[in-house]
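In order of appearance the chains are A, B and C, and numbering begins at 1 in each one.
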Amino acid sequence: MFKKKDIFFKTLEEMADTIVEATEYFAKGVSDLSDVTAFAKRMKEYESQCDQYTHTILKELNKTFITPIEREDIMALTTSLDDVLDGIEACASRFEMYHIREKDEYITLFADVLVRSTHQIKSAIYLLTQKKLLAIREHCIAINELENQGDDVLRVSITTLFANVKDPIELIKRKEIYERLEQTTDYCEDVANTLESIIMRNS
Amino acid sequence: MFKKKDIFFKTLEEMADTIVEATEYFAKGVSDLSDVTAFAKRMKEYESQCDQYTHTILKELNKTFITPIEREDIMALTTSLDDVLDGIEACASRFEMYHIREKDEYITLFADVLVRSTHQIKSAIYLLTQKKLLAIREHCIAINELENQGDDVLRVSITTLFANVKDPIELIKRKEIYERLEQTTDYCEDVANTLESIIMRNS
Amino acid sequence: MFKKKDIFFKTLEEMADTIVEATEYFAKGVSDLSDVTAFAKRMKEYESQCDQYTHTILKELNKTFITPIEREDIMALTTSLDDVLDGIEACASRFEMYHIREKDEYITLFADVLVRSTHQIKSAIYLLTQKKLLAIREHCIAINELENQGDDVLRVSITTLFANVKDPIELIKRKEIYERLEQTTDYCEDVANTLESIIMRNS
């Protein structure tokens, strides 16, 4: 049983590591769009890796009776961590599908928000696995603030897009990427919300 | 424990009041687009207020063992009530971001459906807190009918849009707002569905 | 109680039958767009029929204490089966709303993936109701592979669309239908995921 505990916490840590690494890779990628095919391919690999971790956790959950934290919480954390990586992978693949070659300052801003959010998520997950529940809260607050920043970036980026871009197809591409990036900050917030309810119920 | 009960029911009532007030404000706002910035700002305030209520309920749920109705039901009601207000706030903010200045008859129709739906929701929530479960059903039926009306307005509005509007950027703006408004009627139906399952299990 | 068991399993079988029939009708419909109004109307009837089955299951769930499989699993299966039919019905209604008259090879490919997925779903549901749990797994694997094919069709179809179609309104229409069809393959995968967790917990 103690081994089982390890599997859940170890896999959650691995997911958090992968998400930080993938988001940093994403942030570098969007500042250098010279090879979007390689960029999209690498992001897809990160996403598959995260799918594997998700599968491991679900499989273990289905055969384990006693879990280190409530199974609904493990499930919710896993799903929202997976959503974060799916979100940035979907954006990376749009760079390829839409043949985007030019850098975009708003995408850079979103990527920066996401890098900072995923670092906060990683810190919070490691505190969870060390059972330092109360110390998690400040990271949740930081993630919520970053999600608000994501909302602000969306408002400004979409307003600017509609004010300046007259080519509708260009507008469609940018709008979708901005919205997907903002939604990814919402998935980060879902992680924070689950963590907050774990803290509340256990302290 | 009795005080705890009061907190859940009192906060659900406050959420319902806020949603009715916000939807009526929204309906007035879309018929007078002279100051979309002030309009979007006020809608954002309603949304923040509703977030506060959601936070109160989640916090209480996490520290309360005995709840007046099942915790999953309180959670589902809170989430879908919050979704309703998020939905109309997102529309209001698009009026600002997209610099929409002209009235739109379909948006007026959607707003009217939503005003009627939120009044039905409010009546149903007050019957729930008074434990008059059986009387809730007729309001659920009314909300379902209004959601069907929302579907019809979407079908007609989108058909008309694609038949008449030749400017693709104008089309993108209207299409998104219509779809978000229709989705908000779906969130109202989620409230009704949760209420119906509460009735069925308790009568 | 045994009768109750029958109601859940019988209704799930009826849902699976309807979904296969509706998806085959959809596949035929998208290859002959001579009467999109009749096509959309018939798909709407299938969707209403499926809503009835969903309602039956929810009503029974709310008044039954002992269910043949866990109630959360019945709920999850019902919801994702319903999502599959909602997904293709939404596409059919876009053919009508957008006055689409020309066949599209990618829509044909998606329809073919969905026909094969729903046949796999039907086989899996009938194995579930016969309690042949272990035999379900191969159908889940097939559904997952078909979902990957759906991802590939989306990537190619969207890339081709943005490379070739210069009319933004035409692009908006096709893009939405492709995305909705791909999402419907995701709903099929949700069915498979629920079935897999039922197998894991019961074998």
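Definition applied: a contact is a pair of C-beta atoms (placed from the backbone, for glycine too) under 8 Å apart; a residue touches a chain by one contact, two chains touch by 3 or more.
This is a predicted model, so every value here is computed, not measured.
When the Cα trace of chain A is superposed on that of chain C, what is the rotation angle, expressed as a multiple of 5 degrees?
It is a rotation of 120 degrees, to the nearest 5.
Would you kindly state whether over half or under half of the residue numbers at the chain A/chain B interface are used by both copies, giving same or different?
Comparing the two copies, chain A and chain B contact each other through largely different residue numbers, since under half are shared.
State, to the nearest whole Å, the distance from the C-alpha centre of chain A to the C-alpha centre of chain B.
28
So which stretches of chain C touch two or more other chains?
168, 172 - these are the residues of chain C that touch more than one other chain.
Per the contact definition, I'd like the list of chain B residues that touch chain A in the complex.
Within the complex, chain B contacts chain A at residues 58-59, 62-63, 93, 96-99, 168-169, 172-173.
Considering the complex alone, what residue numbers of chain B touch chain C?
That would be residues 155, 158-159, 162-163, 166, 168, 171-172, 175, 197, 200-201 of chain B.
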